[in-house]
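Multiple structures follow.
The same chain A turns up in both complexes below, where it pairs with chain B and then with chain C.
Coming up: the complex of A and B.
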């Protein structure tokens, strides 16, 4: 067997999680899984919804008379609370079916987008907000601020798209997939005919 | 606001409860309504057959839009993603306004100003949700006809839209609306929209 086709660390970790009895129980549960999934989906309204309202302020489309610091200080924490709920339910959903998600291209795309979103949030809070006092009350903040918030809205929209598509098995590892998909999904076994 | 010392907690908690009595009471009432709603099995399936709705539903689902979505592999999920974008915008605008009415979030802003800011985005979200929701419905009309969650969702949607314009927004723009009224109104708004969203998600799990 070619060494390239040895299971990756990611695959081994996912397979180890998959071997847990609790993982199987969660996967097969009649009520817990749907309730977790529903909570994960509905929290989009709290997390992304409230974040969009803050981003609309940063873009100069809404709350023009409200200082940015009020939006980030009073409104953003609610979004962050929603994000925490997202992470908890998301991790549990992953735990229910780790091997399938590890080799799902949409899941992988979602993780990449999450990293981009994290870097973008860091850019906003650590770099762009340094001179916030100067534009805190401006109805339309400077271009750098608007670029960061436009990126935020787009990337989170991408996360919703990728997240929803995880449910479909169009790109499941198998001999009919293209070489690109086999690479992107990290299919552990050589499936090329 | 400073954190109260250990000895002050009982009085702090009791003042918080008294200050939020209308919100807490409304939460209790919403919880009771949910408790009554959950085990309620409607006659959705029976009605669908008995009143000849099944034929009507099949007919409207047999149009070009419904068939195109039903036959396509990609259309349904892609429309659903846009439906979720609508959920974010609609939900965000509802939540930011209701948080203000509950006395948190933009608590120092005049409610009418907050409403003026979120109102256009409420309409954007609602428009996107309906514009994508109708095609999603057209692709599986027969399933929806027999589906209890769909029935709850549509009923809830009518009530939520009606309630938002007839009650909540009126309280939000009224000068000198009492804290009690604002809290109660916000809890019912959040409860109604949550019911619509939750029942909507459950359509996919049931039937």
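Coming up: the complex of A and C.
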């Protein structure tokens, strides 16, 4: 979280988003924000739920007699649908309160975990699943596949935990925070208007 | 083995029940606010943030020594407040209110709001239901308060004692 979290750039971008009338309207909305939040949580459940089932197959714990390609062919469209809605609702929720999220340690942790999840997924599609025909029907796929799946399950669990913790403001920028939190939350920027 | 399976099933059923109790808390009271630090704030509303997931009322409270402190009081969602008859234009800045609530655990000038009372004596529950806040009678959806529950149980006990005699 060093130079990638250059506070000034991130903070000014968040402040610019925050200056939009639509951002304020969303943050103060009576119905849209609650609907976005609910949809976000439900689509996280759909996406991660399906992902975990696929990972359990790849780990050799579940659906062992079903070839991986058959299982993914059936359930992945649901997962992709959930993913798209999850991303759109997530971005809109960020847009509603960008400055606070930018300086929220849990949100920052969530973003880091999302990047790890993305790299892990890329590894799976580009590297590990290249020789899928070889292990498609194996009840217990090779170690590399299982490692990627285990990473996927753990990282997504972390994403959900960090996401839930965003609601708690124990680490809000302020004089009472430790140097570590001030650094992790990028509090170098003076938040007083 | 059969017993083992049954035990597992029972455990599996018990877990959602236990978790369910906690999960009903939208944004847990106990994580941020201290039920043992109730407070009453009196003064004008100086700022209102009509934001999701919680609105914040800033109240300029006059301390015993005459100094003034601005407190941030957490309320329910804008939607919740609207359904209780409060919208953004119904509490103008400067409105005199009395708020009772609980201070935050970090002892900052923040509180979880329970009842907000206006000059005409009208009282509104400004918090969220089901957050695990003390059952102090402020939340109309909650039923009997802890004290009322105790009284009820005491009365029942007295009744059964009488029957025994």
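Please note the rule applied: the second predicted complex is superposed on the first by the 180 of 193 C-alpha atoms of A that agree within 3 Å, B and C clash if a C-alpha of one lies under 4 Å from a C-alpha of the other, contacts with A are read in each partner's own complex, and residues count from 1 in each chain.
Going forward, a contact is a pair of C-beta atoms (placed from the backbone, for glycine too) under 8 Å apart; a residue touches a chain by one contact, two chains touch by 3 or more.
Just so you know, these numbers come straight off a predicted model, no measurement behind them.
**Student:** May I ask you to decide whether A:168 touches chain B, chain C, both, or neither, giving the answer as first, second, both or neither?
**Tutor:** Both: A:168 reaches chain B and chain C.
**Student:** When the two structures are overlaid on chain A, which partner does A:73 contact: first (chain B), second (chain C), both, or neither?
**Tutor:** A:73 sits against neither chain B nor chain C.
**Student:** Go through the superposed model and pick first if A:38 touches only chain B, second if only chain C, both, or neither.
**Tutor:** Touch partner of A:38: chain B, not chain C.
**Student:** Once the shared chain is lined up, is A:142 touching chain B (first), chain C (second), both, or neither of them?
**Tutor:** neither
**Student:** Classify the contacts of A:96 with the two partner chains as first (chain B alone), second (chain C alone), both, or neither.
**Tutor:** It touches chain C, and chain B stays clear.
**Student:** Counting only touches as set out at the top, which of chain B and chain C does A:176 meet: first, second, both, neither?
**Tutor:** Touch status of A:176: second partner only.
**Student:** In the overlay, answer first, second, both or neither for which of chain B and chain C A:29 touches.
**Tutor:** A:29: touches chain C, not chain B.
**Student:** Looking only at chain A, is it chain B or chain C that touches more of its residues?
**Tutor:** B
**Student:** Looking at the overlay, does A:65 come into contact with chain B only (first), chain C only (second), both, or neither?
**Tutor:** First partner only.
**Student:** Once the complexes are superposed, what residues of chain A are shared between the chain B interface and the chain C interface?
**Tutor:** Shared contact residues on chain A (touching chain B in one complex, chain C in the other): 34, 37, 167-168, 170.
**Student:** Give every residue of chain B touching chain A within the complex, in rising order.
**Tutor:** Spelled out, the residues of chain B in touch with chain A are 73, 77, 80-81, 84-85, 87-96, 99, 104-109, 113, 117-118, 120-121, 193-194, 197-198, 201-202, 205.
**Student:** Applying the document's contact rule, which stretches of chain C touch chain A when the two form their complex?
**Tutor:** It comes out as residues 27, 31-32, 50-53, 77-79, 82, 88, 106, 108.
**Student:** Looking at the complex, which residues from chain A come into contact with chain B?
**Tutor:** 34, 37-38, 41-42, 44-46, 48-53, 56, 62-63, 65-66, 70, 74-75, 78, 157, 160-161, 164-165, 167-168, 170
**Student:** Note which residues of chain A are touching chain C in the complex, please.
**Tutor:** Listed in rising order, the residues of chain A that touch chain C are 27-31, 33-34, 37, 96-97, 167-170, 174, 176.
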